[in-house]
Structures are given as structure tokens and as C-alpha cells.
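Labels run A, B, C and D following the written order; every chain starts at residue 1.
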Amino acid sequence: MQTVLEEALEAAHKNNDGKIANYIPELAAADAELTNVAVFEPDGTLYTAGSGLEVKQTLQSIAKLVVLIGLLEDVGPQAMIPWVRSEPSGSDFHSIARLDQFGPVPSNPMLNSGAISLCAHIPGNAEQQLAWLENWNKQLFGEHLNINTKVFASERRTGDRNRSLAYLLKSNGLIERDVNEVLDIYFYLCSFEANTPNLAYLAHILANGGLNPKGETIVSKQTVLNVVSIMATCGLYNESGTHLVRTGFPSKSGVSGFILATAPRRAGIAVSSPRINRKGTSIRGQIILEHLSKHLNWHFAL
Amino acid sequence: MQTVLEEALEAAHKNNDGKIANYIPELAAADAELTNVAVFEPDGTLYTAGSGLEVKQTLQSIAKLVVLIGLLEDVGPQAMIPWVRSEPSGSDFHSIARLDQFGPVPSNPMLNSGAISLCAHIPGNAEQQLAWLENWNKQLFGEHLNINTKVFASERRTGDRNRSLAYLLKSNGLIERDVNEVLDIYFYLCSFEANTPNLAYLAHILANGGLNPKGETIVSKQTVLNVVSIMATCGLYNESGTHLVRTGFPSKSGVSGFILATAPRRAGIAVSSPRINRKGTSIRGQIILEHLSKHLNWHFAL
Amino acid sequence: MQTVLEEALEAAHKNNDGKIANYIPELAAADAELTNVAVFEPDGTLYTAGSGLEVKQTLQSIAKLVVLIGLLEDVGPQAMIPWVRSEPSGSDFHSIARLDQFGPVPSNPMLNSGAISLCAHIPGNAEQQLAWLENWNKQLFGEHLNINTKVFASERRTGDRNRSLAYLLKSNGLIERDVNEVLDIYFYLCSFEANTPNLAYLAHILANGGLNPKGETIVSKQTVLNVVSIMATCGLYNESGTHLVRTGFPSKSGVSGFILATAPRRAGIAVSSPRINRKGTSIRGQIILEHLSKHLNWHFAL
Amino acid sequence: MQTVLEEALEAAHKNNDGKIANYIPELAAADAELTNVAVFEPDGTLYTAGSGLEVKQTLQSIAKLVVLIGLLEDVGPQAMIPWVRSEPSGSDFHSIARLDQFGPVPSNPMLNSGAISLCAHIPGNAEQQLAWLENWNKQLFGEHLNINTKVFASERRTGDRNRSLAYLLKSNGLIERDVNEVLDIYFYLCSFEANTPNLAYLAHILANGGLNPKGETIVSKQTVLNVVSIMATCGLYNESGTHLVRTGFPSKSGVSGFILATAPRRAGIAVSSPRINRKGTSIRGQIILEHLSKHLNWHFAL
């Protein structure tokens, strides 16, 4: 296993394509060369390789999984039907046109619109919602996560497109709360910081029917199958289909360069490298995943 | 296994929703009560249940798998990149708007536009193309399939929307041949007749890395992972995401009431029941699949 | 003339189609039978007919003309090119999809998005912007107009779709100010109250190269030709083409039931009747205009 | 008048922007410097200026006026409602997405889809339809027009996008005839050849309530107001609004470089220059029209 990981990193390092996300200064300051991978096997063994494994970075869209999982556990999929659908949209992550034409309900919870819709339904007041998120983060990533307040401030400052989505959701009847409060929760969500092994910890839970690396049940099988299915069809926006062919891993990408990937019954995987393509996916990260899939015969279809 | 199948059928029979496809007379004449299922286990054992298992019906969109598989084997996925992509479209099976706005290349080969694009690249002249299809049918369904000439004639007569798609593809530079010849191949493709066990035979190949129920290698693992991944994200058009959550089976639907489903390494499955929903998917078929997934713990994510 | 007006009203009264706008309570409380018309001839003679001529109602979308005219006079059409285009959009008045797909600049100033974009460019701070509007209202409608504060409050309360548009504009770089301030100006704009003769006064200015009924030059010919052309192609959203065929009057509609229409060099016209069709246009109002066009031979093309 | 025309040409000659249409060889071979204008005053006096006034060029989209006028005269606007609407589409001349999303009926007869829909309703068999067109051409352009058979052959050869539109129309129930026959008529329509004075002759008819330069009534006022209104809102596709602001002339453009423009009660105008912009409009032609509008005070709004 360790050899395969090292070879995968070597293959990834040959590629220097892509750009670091620069819509906010904190993301732009990332180390372009940081590239690593962490794999949890079903028995809880962790393998890692690469540089910067301990570096904490913001979850960005990876965190959409947290609110999805938490609500699936709290209220169940039936109650969530009016809030978000489970269909790939064929559109960009922040498409407003798609929501306006094919709404009123967002296509899936991996889109900004879908995640904002879910944030509006986290129970409690603002403090309780934050506590809810922190609790779920601890359960899902294996330790308490902190918020990068600079990223939060930047997301908030530059979040007009998300505000547009949120007000359209409110106009569509999907948000009852104050839109700014909902967006604050959404911006907090994106701003939690974790490292690659933290993400592999969640990947392990999703790859093993809800058990964390210590063998404790964290979420139900029903939640797992919902989340993993949605990752398979929607996790990388309008690159999801190509990614599934190429790697065979239901995955979720984030613009900070993380990809969280799950090989059901085989492994929970996370990769990190900040150079992303035009869909917001880590280019080296995809190369690593493809290498693992091929050399470990982990493609879900095989 | 047999008990689970019988229970699944019982559950399905409680539902009388949906309508038989009626855009052509031959489909409209189907027996509304015909409901069956066939399952091939990895060792080649076949289980069946329900009525009308021997009844041959037209493949309709199920046949899109044939041209996809055949070309993947013949020319490989790289050569097919200019002909069709592998992304869910978020649109109906016959959307022309989608192709016009997001083309020039069709989003995926499960859409009419994508399958027509592939039909234009089957090697040889018209006779050779038909022979190519017949040969692949025999390999993939386990026996020679016949064409329902009435259905062919009806598809041809009512195929103006497909003609519109085909001329748009030609205008986009994706078809070099005569459009009517290409469409004839496409209409033939839809008009081959098979029964549910025939479809389960193909499902077995896809669920077992390319091996048919007799243990012979029919297609490569590369082809399998391509096809099964595309089925997972695109097989039921803009119902694919919901279907994957619900059943966990990468599947392909057809308006005649078939669903071909694959549980990798576990089973190849086919169901048939002609009452379809507004997306063209067999309603009882989905109930059967959901029942099997749950009671046999076959969801791909678990 | 008076006879033709009376006959037009008679024709209009035979129609009871349409519904009073009810998205806010104040509009829903309108008198369904109120139906009237006012016509200014080039020499400043005013003809009127019908009931409720003195009743003041909110301008709603009619007021989009005010900000357009004011800015054309203040900064000229060249400076406005980055803020709004002059093309019919083929979409609804409040389409967000259109702006997202064909933006970043709104198609025309008769759409909500276009008018909001212009409101963001009224010079000065909030108080100065309101004073600017009041001044232009006085110039264009012939007297000081008051704001209906209940309507303002309702528009503000129910304005989430406009907020969504405004944040999308801000995200597109078209709004530098605080979005809530811009929207307050927009909601004020919609909430000014006028009666039908007030609107005919503005129609006179537009029909006579910028001269008010007293013969004073209020706006330049350049402004007139801009505004009247935009009314011709965009004044009734995706009903503009049909309206121009039918009446031959470049017009602007408002959901309170007003239509302001201009017959260049012939007459300035305004009508009022609150029952509107699905595009937001007064049904009786259109009948009156069509009658005048036909019986006075005022179609612009003849 | 002659001086103004000469000055307009001089202004136009300063601009060398735009490209000659080159999707078919015959258009690509046009003389890039050919630039001229013809104006019919209401009394039938013809003024001309520029080079190549006698050169016959294909009508291209100008000819959409012929089928529209002919059918308005033959069957009247009511009968045509199921065939085509009168609304600007906000889309390109050959948009298929627009028809698929907002159909089934084309938005207006200036679009390819709208003109093809009308061609399907010209009475009689193929020979009678051609005779019908030839008769209307003679009435509207003042003399018999010939077909450029090379252009016809090229249009036919390269017409796949129009075929796609036509089959979508047939699928929508708007074409009962054989699609290829309908398209042949459409391609013939585009291939008739005329010179600028021929076009000014038709412009005179439209500017003078249906009277030709000899004072004979050719079409009804009802037809004129329909056609001129549609030209105003739809004549230059998604450039119509900007053109109306700029020139004040309801116009129709063609990719061969013609613009036919009407100043109601003032003049019928035609211009020709083959360098077109991305919307398919003659750039020098627009400059000439703008010059005339300004210097003769012919803007319809003034």
C-alpha cells in the first residue's frame, strides 16, 4: 500500500497544471507544491504519503457533506425532500439560472444552492446551529475543528452570488429564517479547517457503512447510502460523471484542493493539492485517485 | 434468493401507477400486468420470478448500452471523446435545447443525442453496421436477437425529434454519414427484441468485470468500468441520482418497461413491467430493484 | 376625440378577464371596475373618459421610465452602456435565469434587473437620490408625487426575488453601493402614486420630442428617442412584440393596471384598469389602446 | 437629399470593420467595397448613391418578409397564430434551444424557425409554391427576381441546422408536409437575387401603408402594420432593440449585406454593404441608416 501511495504521488508531481483558487486572499496564499494523500483501510489502519499532511486548510465545499450527513441523521431523507433533490444538475456549482429554470428546489446538496437550503434547516438559533456543526465536525472528522476567521470574513465579503442564490431560495419558499443568518452558517461551514487525515477519517465512515476507524457507529447505513450515492452523481458538479469513470470513487471536491473519496468496503481516501481545474477540482488529487483506483483495483464497478 | 424475488414481485404488484408508453402502437399494446425479474449470480446461476419472462420486447433505450459497449471495445474510450461526453445532463432524454446550449458534443451516451452520435461511428456500411449490432447483441444478450419490424417502422415514422437531434449533430460536425442512414441504425438498435433473462445476461457481464454467465470474457474491465459508471450517473436521464440513492444499482431504463441493473461483484439484474413514470422508468421495476437492494444488502455504497 | 374615447371605454367594459395583482395587499384592494383613459394632444389639450381619473395609484413598473429618463438626461446613453443594454430579453420581467445566462449586464431597463442596475447609479446618497427622483417625478408627471408607504413596506417585505437579482448584479460588478440601499430606492420608485392624467403628461413629453403640455422642453430629443425605442421593443416584457403589432404604441405597463403609451407626434396616452393578464398588462387598457389606434389611425407604422 | 446620401456614404466608407459572410462560397466572393443606398420618397421619387447599385445579390433573410407579407395577405394574421408568434426572442437567428424551451411555436417570423414554419404553409404543391413566391417577389420588388442556383445549392448543402429546426417544428406539429420540400422552398426563398433599388421598392410599400412607388395598393394597411411592427421588434434578431434606438427605422437585415428599412410616411430605404457584424448585420449599412435618421430627422420616435 505505502508503495502505491508513493508512486501515486510521484505521478501527481509530474503535473503542474491548474491554478490555486484566488477569489479570496487566504486561498491564494496556499503552498502550490503541497501534495498528499491519506488512506484508511477498513480495519482502521491509516496510510499517508506526501508533504503537508498536518497542514489545516479550510473545508470549503467538502463541508457540504457535514450538513447533509447531520440532517440525514437528525430528520431523515423523507423530511428533506422539500429542501433539496438528489439529481445531478449538469450545471456549475453556483448556477443561479439552473435554480431559476428547474427549481424551486435545488437539484442536489453538493451545489451551493442545495447546501444553503440545508443550512436554513439546521435546528436551533445561530449559536445552537454553530454548536450543531461543531459537534458533527468532531464526530465526522475525529476531532474538534476550528474556523479560519479570515476565510470566513472573506467568504462573507465576496459572497454576493451566494446571497443571490439564498434570496432566490427564500423567494421560492425554501428559507424561512433571515437570509444573512443562514449565509453566516454557510460561510462558517466553508471555513472550518482540517487536514487530509481528518478528511480520510470521514471517508472511512462513508466507506464502512457508518463506522469510524475505531469501529464505532457514527451514522446509519441509510445515511451512508444517501451520501455516497449523491457523491457519485453530484460530488464534483458537472465533472462528476467523468470523475466516476476515471476513478470509480464517489467523491467530494473543494476549491482549497481537497478531494474526499470513498471506495465502499475497501477504503476511505483523502487527497490534497491546491492547483485546481476550471471545475474547482484538484488536478494532482485526481491523478492520485486514478492511480490508486487502477493499481489497487478499487474502481467501484469492478 | 427465490423468496426475496417473490416478495419483491408482491410488493411491486401493489402499485398500479404509471402508464404504458403509447407514442407508437406496438408499445401501447403491451400487457400492463406483465411483471418479472431475473437475477444472475456471479457463478452463473439464474433466478427468475414473475409473469411473461419469455416474452420478447423491444430493447428501446436499453440498446444504447450495446453501441456504447461495442465501440468501447472496438476503438476505446479515448477515440470516443470527440463523439460523446460522460456527464449527466440534468435534462430529458431527448432534449435538443441542452445539446444546442451545452454542445457541440452530447453530454452522455444514454441520451438520444449521444446514442445517435455513437451510431454514426459504427464501422462499415449499413449492412456491416447491422451485422456489427447483431454480433454484439449475440455476445451481450447470449443469443441472436430479432428486430421487431413494426416497431422499427413506427420509430421511423414518428422519429422527427430524433431527426432534429441528428441534423443538429451533423451541423455540429459530429456526423459525417447520411443522417437518414444513421437514424435507421438507431431505430434498428431500439427495435431489437429480448426478454428479461437476456437482459440479466448482459447485466451479469457488467457486474462481473466482463465475464458472461458461462465465465467467458466478453468485454474488458476498462469497458465495464466505463459503462457501469455512466449507468450510475446517466442511466435514467434526470432521474439517475434519485434511482442510485434508492436502489444503489447503476442501471439503464427503457420505455418498454425494462430496467437493466448491475450490482458489481454481486449480481446482474433485469426487471420488466411496462407501466412507466414521466421519466420513462418502469415503476414496478424500480420497486423490485429497491426491494432487492434493501433485503439482499446490495446497495453499492454498503 | 371624446366620442372615440367613450367608445373605447365601452368596448373595454365588455371584458372582465384578468385578475388584480395580489402579491401585496394594497394592490389587491384596487377597485376592479376602475377604468379610464387620458389623452394629451400635441397642443396640450387633455381629453379624458372613464371612472376614477383622479384616483392615485402606485406607478409600479411605469416608474422604470423615470430613472431611465433621469439618467439619460444626467449622464447620457454612452455612460449607461455598462449598466444596461437595450435589447428585448424574450423573458419574464423578473427572470434571474436570463441575467445569469446572458449577463452580466441586464438586457434592458424595463426589466427589474435593468431598473435596479440603474437605481444603483442615481447620483448622491440616499436622501439625494430620493430628492432626485422627486424632482424628476415633478418634471415628468407635472406635479409632486407622494410615496404610498404601505406599498413601499409591502414591496420591501416581499422583495426577495428582487434582492436575488440585486445581489447577482452586485456579483456581476454592476452595483457598488449597499444592495439594501439600492433596493430601497427601487422600492420607493415603484411606490410613488399618480393618476392617469399624470401619466398622460409624461406620455405627452415622450410623444412630442421632449416638450411638456405647456410647451416647455423637459428632456432632449436624444432621450426621447432612446426611451420610446426601448418602450417599443421592451416595454411590456415578453408581450412587447404582440402589443406593438396590436396597438402600434410604444408603451410601458405596470401591475397596478396602468399603461403609458406614446403615439409620436400624435398623442400622449395613459390608461388604467387593474385587471391584468399573466404578463402583468392591463387587459381593458390594451383594448382601449387598440381601439384608439384603429379609430384614430394612430398606429406608428401607418 | 442627394447630399445627405453622399455624406452618409462618406461616413460609412470610414469603417472597415466586419467580415463578409463566408459560410457559402458565393457570399464569400462578394465585393467588400460595394456600398450603396437607395431611398424612395412617398411621392415615388428614387434617390440613390454609392457603388454597385445595379448588382443583384441574394435576398437571404430579407426574403423572410416576402413569405410573411404573402401569407398575411392570403390568410390574414388570425390564421397565422398557430404558425408563428410576434415576439422578440432574445436569441440568435438560428437558435434551436429557444424553440425547444419556449416553443412549440417559433417566437417570430424573422427567425429561421419562424420563416420555415411559414414556408410550410404556402398554399399548393412545390411548383405552385414557387410560382406564389415569384408572383409576390414581382409585386413587392417591382420586377421578376431570379434564383441564384449556386447559392440555392450551397444553402441546401450546408443547411443541416435549418434541417434540425424543421424536424423540430415537424415534431412540434407545425409542419405537415415533407420537411425536405419545405426546406427547398425556404432555400429558394433565400436565393432570390435583387439589387438595392428593388429592396427600396418594398421599403416604400411598407412605409406608405401598402402603396408601391407608382401609387398602386399592393398590400393592406393591416399587413403593413403587422410587418413593420415585427421588423421594429424582431428584424435584426437580438440586435433589434439597439438598432431601433440607433436608427429609429423598423428594419430587416440579411447576411448578404442588405438592410431594408422603413421610415413610416417618410421614406422607404435600402442599403447594401457586405461586411457584417456578429449578428449578421451590415456595419456600413447601419452607419448609413443612422446618418439618414439623424440628418433627416427620420427617427420614428421624433
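Methods note: contacts are C-beta pairs under 8 Å (C-beta built on N, C-alpha and C of every residue); 3 or more make two chains touch, one makes a residue touch a chain.
What you are looking at is a predicted structure, and each value in this text was computed from that prediction instead of being measured.
Participant: Which chains lie in contact with each of chain A and chain C?
Facilitator: Chains that touch both chain A and chain C, as defined above, do not exist here.
Participant: Mind checking the centre-to-centre distance between chain A and chain B? Centres are C-alpha means, answer in whole Å.
Facilitator: Here chain A and chain B have centroids separated by 32 Å.
Participant: Using the average of all C-alpha atoms in each chain as its centre, how far is it in Å between chain A and chain D?
Facilitator: A distance of 54 Å separates the two centres.
Participant: Compute the distance, rounded to whole Å, between the mean C-alpha positions of chain B and chain D.
Facilitator: 47
Participant: Would you please write down the residue numbers of chain A that are in contact with two or more other chains?
Facilitator: Residues 98 of chain A each touch two or more of the other chains.
Participant: Taking the touch definition from the header, please name the shape of the chain graph: line, ring, star, complete or other.
Facilitator: It is a ring, because the chains touch in a row that closes back on itself.
Participant: Chain B touches which residues of chain A in the complex?
Facilitator: 77, 85-91, 98, 102, 107-108, 206, 209, 221, 224-230, 232-234, 238-242, 244-245, 248, 250, 262, 264-265, 299-302
Participant: Give the list of chain C residues in touch with chain A in this complex.
Facilitator: These residues of chain C touch chain A: 95-101, 160-161, 163-168, 170-171, 179.
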